[in-house]
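The chains carry the letters A, B, C and D, assigned in the order they are written, with residues numbered from 1 in each.
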């Protein structure tokens, strides 16, 4: 349902959309079913002259059936949903595939700073590339991100990746993504962070190997620079 | 209040209305203190340095206060015992003794706090002291409130009015005591 | 004791029994004082023999016993309707539930894919500072280990 | 010691409010009748109309920020240009008001105060003065909240969840006093409802009419009592947390300050440990009201009365096990999320069963679509949408995408609007004859109904769409997000806003109806709906003391269309 609005640009975007679709089908079925029955009953049992309502306690077994059975079917659907949801969750949030590169993402009122590993592909070395409000990633590369916040809560959201993770001051939270499609997309802060909450847009540049290397060499600080980054 | 509604005199549970209510009060008090202490314990276990901070609290003052509260609890239950036999005057006497306990408790606590603050252990010094003052302060507020109510009830009890309230304030007072029974090891002994 | 209290309760007001009441309350009170004494001595002995376990047991084990005695015999939960006890227990259980749900995030300083750097640093800083002047400037009982 | 002898049974002092009893002794002067009244019906009306007044303010706020969403940057009629901090203040206080100052006071306090003594056949609450104190504290809390918008720096703008550090430090939220007054107001409000809850629970447990057994109690009373129990069981930690937050703000403590040994996540847990049960605190009274109405207007016995109670109990207990589903991506340990996903999705079972029961109740009925019945049926139809969309968010995997989008917002408005608007109108129109002794105008009522329910869907279905398309919440202006400024987004935002304007316009029909009916409505008589429960035995409006002589109870509340009786209803107080 979601890919119709926002393209899928990460390995797990399709899983999440698939889960949404699954849940949508299951609850959609129940929704339609119960609403149809509901309105059907309203229409067919309108007050008619001389017709008295039936006296049904609903306590007898053969009556209870009418709610007991659907209720067990709901339980069944719930179990399916839980399993599907947990599988996606574990894949996206809980288990990290080995990283081919690591970026540091630092949120503050009201800007994003990104630390790219640089030519040596190591964070916290002299040739790290620091950027503000733009994140450059190589397509087809498994990235870990180390998420930090300087002041208040922020949330690192890349809709095309279906990725979202709050940043908490004092904590370093690690997550992963692997881009699958070239393009330039939004990065959004999705946790209210003060009056500038709407002023925290950033862009993610998903680039081909070649473009990325070009950008990297263009922006890598000269080897003499010995800025020690990170904290 | 002129006359009480008939509703108040009914007792479908066979528990007197007032006492039923006081139990619900305590139930909601339990979660208030429970939430606070749970948060404190998490920090206490997560931050070994709390032990060092706690070493600056004075166990003996805390102990004296525990003794004072236990004793006042005993007085409260004696008051209840008298009220039960309809001896309002005696009940009032025991209630006043309980209040005396409350006053002593508060005096000791204010002395203790004054000393700690003058030592520089203010509420803002670090998370331990913040929890220390908040937990003990919340408890102290309950002591103050309980003491005031107790005086009001004692005044009625003298005239043999509303004697059942003696038991109610007693129950509340024992709860305040129980809270301190846990605060004492949490804030003073465990270092 | 509880049985005796129940007996008293059912006949409260009858004068011959009222004396037992006072005796009963006093007995509980004395017991509480004894327990209290132990819980105070606990740390002293504990630090003497250098056993933290002893301190904790005397502190919290006895706190539980004291709380039980007060609740049962002073608040008369022992002869109150059952469900009042259940009600209060439930609220306590909810607090344990709260603790269970929260401690993985707040008590722990590192977990799956996250690390509470600030808390770790604060602990280190505090312990380093404590190592410099272990006595602090309080006059409380000196700390055990750390 | 523990004997229920009568003179023991008349305590009037749960928490020593005598100290506050400054006003006890006027004799039916204007003040003692309308302001310092201890009569449960008057206090109910005070809660009802204070709540509705606050609701109007909250509605106005929603008008302002919806206009800003649809026509960003334009000057808005009756307000002007919305600055970012004004916008944050508006959304924050809209949420706070609608939940704590509309849903709680009207559903729990107003209906609770009005219905519990009447439906249990007693003359008043067990603690009238605590009842009054509860309202006075509530009123104070409302005043403090309103005051917080006018102090220097303006009202608090950290969202109604007020997560620290944003809410804890004025250099972050730029509202040095607004934030603290907000916390104080919320804290006072909690105290007010604790006092009220004690009153409700004690009254329901102890003061039932002679002969009324547990399962003769009308569902709505059960629900309000369960709601009060849930509230008392869950609010404590947040009450403590509110004090911590106020200390962080004003004393400079570090409870939620990571660099000083505190933890921001702790607040989130304290908040949601209460915040989730709170959802059911307001839901349960609403479904209770609906149960009363659909049985009366389908002339049916409630299907499986006991099952309804069990589902309510089940929901209540389960609601203590699900709170962290609000925090899936807020930095909690991912392993915990799996536990909370399971519990969260499972809570759909009691709720679903409750809905099945209501639908089943309609079967074989003789349904008349009066205004209250329309509202009640609309509640069921709309609340189901809110329920099913919740599954998307309870399932941790899909919540990764949906968290903090307008999908979430649309979801909980599909639960809260049926609760705090539709069910409230249902209850109000249903008990209006009892409250004021007049019938309401059916035509105006139906116009108001359709003019409210249709635009309501017009507001939030578009927001489901924008939510799926990535709109995230609490953004004052989307112009910086290219992916969120497509014509599609803007079109749906405008549709939602215009629907809101229509909805607001139709509320004036309600007020017209209210005034017209109070003036010219035809006399109601004791039992206009031919209902069974005891409140319909009392005269309308009930005098002080409610009943001429207090009724006895002989049967359950839902004995409609009993075979072999010519009358199709059988009041609870009518001897066999």
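The rule is short, and it goes like this: a contact is a pair of C-beta atoms (placed from the backbone, for glycine too) under 8 Å apart; a residue touches a chain by one contact, two chains touch by 3 or more.
Values in this document were obtained by computation on a predicted structure and should not be read as measured data.
Following the contact convention of this document, C, D is the list of chains adjacent to both chain A and chain B.
Chain pair with the larger contact count among C-D and A-D is A-D, by C-beta pairs in contact. Look at where the CA atoms of chain C average out and do the same for chain D: the two points lie 38 Å apart.
Taking each chain's centre as the average of its CA atoms, chain B and chain D sit 33 Å apart. Chain centres here are Cα means. That of chain A falls 44 Å from that of chain C.
Residue positions of chain B touching 2 or more other chains: 13-15, 24, 27-28, 30-31, 34-35, 38-39, 42-43, 47, 49, 84, 126.
Listed for chain D are residues 1-2, 233-234, 237, 258-261, 263, 265-266, 273, 331, 334-335, each touching two or more other chains. Under the contact definition stated at the top, the residues of chain C that touch 2 or more other chains are 12, 76, 80, 91, 94, 98, 102, 106, 108, 112-114, 116, 118-119, 122-123, 126.
The list of touching chain pairs reads A-C, A-D, B-C, B-D, C-D. By the touch criterion given at the top, residues 1-2, 5-6, 15-16, 19-20, 23-24, 26-28, 30-31, 34-35, 37-39, 41-42, 45-48, 51-59, 63-64, 66-67, 70-71, 74-75, 78, 81-82, 84-90, 92-94, 109, 151-153, 155, 157, 159, 162-171, 173, 185-186, 188, 190-201 of chain A touch chain D in their complex. Remark: chain C residues 5, 8-9, 12, 76, 79-80, 90-91, 94, 97-98, 101-102, 104-106, 108, 111-114, 116, 118-119, 122-123, 126 touch chain D in the complex.
Of all residues in chain B, those touching chain D in their complex are 1-2, 4-22, 24-25, 27-36, 38-39, 42-43, 47, 49, 84, 123-124, 126-128, 130-131, 134, 138, 145-146, 148-149, 152-153, 162, 164-165, 168-169, 172. The residues of chain B lying in touch with chain C in their complex are 13-15, 23-24, 26-28, 30-31, 34-35, 37-39, 41-43, 45-49, 51-59, 63, 66-67, 70-71, 73-74, 76-78, 81, 84-85, 116, 119-121, 126, 170-171, 174-175, 177-178, 181-182, 184-185, 189-191.
Touching chain A in their complex are the following residues of chain D: 83-85, 88, 157-159, 163, 165-166, 172-174, 258-259, 263-265, 298-307, 329-331, 334-335, 337-338, 341-342, 345-346, 348-349, 352-353, 355-357, 359-369, 377, 380-381, 384-385, 388-389, 391-392, 395-398, 400-401, 403-405, 468-470, 472-478, 480-484, 488, 560-563, 568.
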